[in-house]
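The data blocks that follow each hold one structure.
First chain A sits with chain B, and in the next complex the same chain sits with chain C.
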Partner chain A sequence: MDKMRFKPMLCSRLTLACAALATAIAAGGGAADAQEPIRIGSFLSVTGPASFLGDPEQKTLEMYVEELNAAGGVIGRPLELIVYDDGGDANAARTFATRLIDDDEVDLIIGGSTTGATMAVVPLAEEAEIPFISLAGAVVIIDPVKAWVFKTPHTDRMACEKIFEDMVANGISTIAMIAGTGGFGTSMREQCLDAADAYEITIVADETYGPRDSDMTPQLTNIRNTEGVEAVLNAGFGQGPAIVTRNFAQLGIDVPLYQSHGVASASYIELAGDAAEGVRLPASALLVAEDLPEDDPQREVVVSYKQAFEERWDQPVSTFGGHAYDALFIAVDAIERAGTTDPAAVRDAIEQTSGFMGTAGEVNFSPDDHLGLDLTAFRMLEIRDGTWTIVE
Partner chain B sequence: MRVPLPSDDWIADPRRGGLALLALVLVVLPIFLPNRFYYDVAIHAGLAAIAVVGLNLLIGYAGQISLGHAGFFGLGAYGSAVLTGTHGWPPLLALLASALVVAVLAFLVGRPILRLRGHYLAMATLGMGLLIFMVITNERTVTGGPDGMAVPALDIFGFSLSGRNKQAWYALVALCLLLAVWLALNLIDSPVGRALRALHGSEVAARVGGVDVAEYKLIIFVISAVYASVAGSLSAHYGGFITPDAVGFLHSIELVTMVVLGGMASTYGAVVGAAVLVALPQFLTAFHDYEQVMLGAILIVCMIFLRRGLLPSAIDLIRARRP
Partner chain C sequence: MSEFLQFLFSGLTVGAVYAMVALGFTIIYNASEVINFAQGEFVMIGGMSSVFLLSAGVPLPLAMLAAVVIAVGIGLALHALAIEPARGASVVTLIIITIGASILLRGLAQVVFDRQFHSLPAFSGDVPITIAGAALLPQTLWVLGGALVIVLALGWFFTRTLTGKAVMATAHNRLAAQLVGVNVRFVLMLSFGLSAGIGAIAGVLVTPITLTSYDVGTMLALKGFAAAILGGLGSAAGAVLGGLLVGIAEAMGAGYVSSEYKDAIAFVIILLVLFFLPRGLLGGKAAERV
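Let's turn to the complex of A and B:
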């Protein structure tokens, strides 16, 4: 029994140590400056299945908050960034958002890597009347418009429209679709089916594959055997599109292959190899930052963000981190114009944002548009010699 | 006839002392909750505890493991969400209907499996949980798919209880938790419970003693599934938005972990396990990038040094210190 006695002591000491450390950190953050800091709260999927979104977002926010503070802060006040990791779980996101609003008393929220996490928090931000800039994709976040909620990434519908525009320009009108059944693929597939009519595009084959499938030959064979297919559009994310691309080449299907912005990362070209040659996709200007013409209005923003990110973190820049960059600077810009952190004033200032040049394109918010991007935000790229080339 | 309890300590009479203590803790706790965030954590812990008290019946008393309890939780949650949100049912009716569906499903899964000896139920529930997850993820038109769906506020007899009304929700969840614990304790102390304890000791002996082993296991399995379903329904209404994460395999594992951490075959242990596992990550955010590592380390240390689970080990210690 003696042994049993000292063991729980260890546990309680550990808890004490945790508590002490927590207090120390809390005290360090709160009492340091006489000037009340501007508190920016964030909940991101830094770990878990959506960590490829949350990780660059967190790094971007950290990096620029440091930089802004070194330059004297915003409206003479330092910024304080509070980031919680929701692990991609909407329930956790809601608890952390409650914590940000009621316990940390933040002035605004930038976050929500996934649509689920964002939508779980929207009612909280609306009720607490705190500006919330989401970093997630789906169109439901801002349609219908919610007074306190904005978002920076393009929607999947815009990707469809950009692709259809390019198809129409190339005289393509009959296409086949193949989509992943994950969240991204399903949502984009629906949006594309819905948007196709406006471009007079007929979808004659509509195939799907599971997120973990390792061979899409059967679906692609169906497509190959369908009469009149002039192009194939793949809506998907992760390794699925790379496998589709390989199978597509193996089957020798002789029509253009369009991918979505979901594959816009170097790992896609690596995975798909030579098969990726000639694949077209809409993507953010960030991917081709250095190749943009000198007079491109977006060039300065994307090149400086790309260089700063890659230098600081030693990893390739991603469009997702870019969404966080846009959100942070839209917020900073709005606070500067409002001259205060009063939530209503900041919200109004965010809504009045116009001509803001971000990594996703030019942002012009209005009372009935809380996305503020148009199709020019996307660049049509083609993969040539294993790298991205602008085709416009 | 009562089965003699392990000790005549006041705390060891769970149906009087223990329940009174739990009620006292639940009443006093709000004094220490400075703002809505702490209420939120307490409510989440309470909702998890309801599911875990049910799961503890299965693991601690029937000696069976369910790796698909999040499936039942999720069916309750999505059942309530779809019936109230899409079809406009009253929330209480939707909650009961979902619980009934879950009970029938648990019965159908458990009936053939629980006739077998060994841990076949773990495998069957694992498969069932994954299936439910896949259906909910793929049936986009009904469930909203991976992006989740909104759930209307809980409406009890015309009184609408929005998830933002933390105090009211705290009171409701506390009441439900007390009820859940009280029912579980009564069940344990009923003929079913005694039969279960007998078969936990020796299945052969119990069978020889005239206990219909399979039937009792099945009853407990169905009851524990209903506990999860009700917790799921309440949690959906409280949150106002659900995603398939609630149905996922990881959530099932989390529930089992809560049972084991709190102490198997200890109803109050289940409550403690749920409370600790829900609250701990919130305190560990101070460690930033290392919070997952810390969480893992704390769990490992507790399981090595407090092998029987938090509460039973703590009670042992208190006893050992007494002269």
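Let's turn to the complex of A and C:
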């Protein structure tokens, strides 16, 4: 099985080599001036169960590396992107990261679609002292802070806090939780249980469902029969939350239903149908790019990324590709400020990133914050008439 | 009381699907003693084909019919291309072939369809029917009704038609059936087509409730297998009873005990049955071969 997943993406290396050559010739310098490329190594879950993460991430990196090279590269040097597909397997991720570091001698690593793959590679990046920007969600990646490791997506804890903030604003203090038992649901459930006290929210029912379950009415019946529930929070991912939403409507539970950012995709609305009306969730601004007010500081970046991605790949933009966009441009920005690819200088420059506007929000790294996002990065959305509406 | 009824409805809905998968296992097992682990994939093919035909503009009833026909075609192809060439091989070898076929079908589904989850519109709307405080989706009645029709039709087929009787004869004694002129190879082919069709019908009926994707088959096959074991491998009535019981046990377990162990319930049932009731609830008595 493992062997099948070994699928190095030579194509992207070749096309980039060509692109690099073309850039060198276009610059009029000829071969003598050809600069050593900046090597960006990446391992992503392009296939396998986490392919919905890795696929848009790879497409984003490819697209923008091409664009940067066409514009003359970074600090006068072309970029070379090396992508390996870990198939969602942490072991494969570790193997490929070793190859990136030892054989490909990359200058920095952007990758790790899943938390598992990221955590398998963290020790390697730390030991080799190579900057590593992860695209995975969990808070363990940057807490405690690791010198060489950064990440771009929001954490699940922030999603909990954003939801609780909205609940408090609506006078809700007693809630029921239902969570998937997959990695995402389990982690977010723990974070929510932990964060609830700070918002004086009491969780009176705590149910779970398996990632492949097709019926959650028993769990929701228990929630319905629990005294005093003012809202229900579902931490989950994939098709589970869509079924929860349908069963919720089927049982006629008449309190607000909150979902997590894990369902922030058009397919959720499609799968849940009419039952999704009125559901609230925190999500990245990317989801409502065109609906953001003109003066929103994030508008420009999310609208241009969304349009570029959808035009190039003819598929809807996803927040996951946005994480790769943020990571790439944080790295480019840092290399430009450092003026070199010396790993220590690039690491320091990444850590000094401030006021960087990405698809996930404004990034301000510091020596003790390698995530650099705050709650404003999330937008509270409600589903109305089958589409997302900003409710802040 | 209303919660008990709600758990029961939930269990019956899921259980009816397990029952149809278990029926598919039973038919092929009877004809060949092979457990066809690609049975869950037929359910997937039924659901996914109708979703994609529907989105291609085919009207829903026609799309569902075509999906069942496609699944039957794949069932027949599975028999002709994988089982038939290996005839004479041991039962274990054939079972391994079906596991391979299920992996192949899942892989093909990823390429031919996609890796997303899909749904179908419910046949008679989404407005739940309230019975004594418990909500029941109209689609659940379709699923239960569909399962009932299939059981009755199979009962008629196996007891009232010559072809059906030939299948039963093969199930009872393959060699004797062959000696009296039953075309055993045809019976096996028929059983593959039949169980593929039943699986696809199950897939079409439940997709509006449970959603579908390329990999829903694996878990359904395992649960359906548990149901078939519980009911007694080889017994059609046992398959239905086993399916409903596994579904209800899961729903009651999730409701009254803990939803954490829902999936474990089916497998605990397999273990208990194998320990204490190796023939299942309605399985025939074993005749020792001397």
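Here, the second predicted complex is superposed on the first by the 359 of 392 C-alpha atoms of A that agree within 3 Å, B and C clash if a C-alpha of one lies under 4 Å from a C-alpha of the other, contacts with A are read in each partner's own complex, and residues count from 1 in each chain.
Just so it is clear, contacts are C-beta pairs under 8 Å (C-beta built on N, C-alpha and C of every residue); 3 or more make two chains touch, one makes a residue touch a chain.
Just so it is clear, the structure is predicted and the values come from calculations on it, not from any experiment.
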Touching partner for A:S214 - first (chain B), second (chain C), both, neither: second
Chain B versus chain C as contact partner of A:T340, first or second or both or neither: neither
Superposition-derived comparison: chain B or chain C, residues of chain A touched: B
Partner chain(s) touched by A:R94 [first = chain B, second = chain C, both, neither]: first
Partner chain(s) touched by A:S51 [first = chain B, second = chain C, both, neither]: second
Which superposed partner A:T181 touches (first chain B, second chain C, both, neither): both
Touching partner for A:Q352 - first (chain B), second (chain C), both, neither: neither
Chain B versus chain C as contact partner of A:N364, first or second or both or neither: neither
Touched partner set for A:E127, first chain B, second chain C, both or neither: first
Common ground on chain A, meaning residues reached by chain C in one complex and by chain B in the other: 181
Chain B-touching residues of chain A, taken from the complex the two chains share: 1, 4-5, 7-8, 10-11, 14, 18-19, 21-22, 25-26, 47, 84-85, 88-92, 94-95, 98-99, 101-103, 115-116, 119-120, 123-124, 127, 138, 140, 181-183, 186-187, 190
In the complex, chain C residues that touch chain A: 3, 6-7, 9-10, 13-14, 115-119, 126, 128, 135, 137, 206, 209-211, 213, 216, 219, 251-252, 254-255, 258-260, 262-263
Touch list for chain A against partner chain C, complex: 51-52, 181, 207-210, 212-215, 217-219, 221-222, 225, 238-239, 242-243, 246, 249-252, 267, 270-271, 273-275
In the complex, chain B residues that touch chain A: 34-38, 40-41, 44, 138, 140, 145-148, 150, 163-164, 235, 239-243, 245-246, 281-287, 291-292, 294, 298, 301-302, 305-306, 313-314, 316-317, 320-321
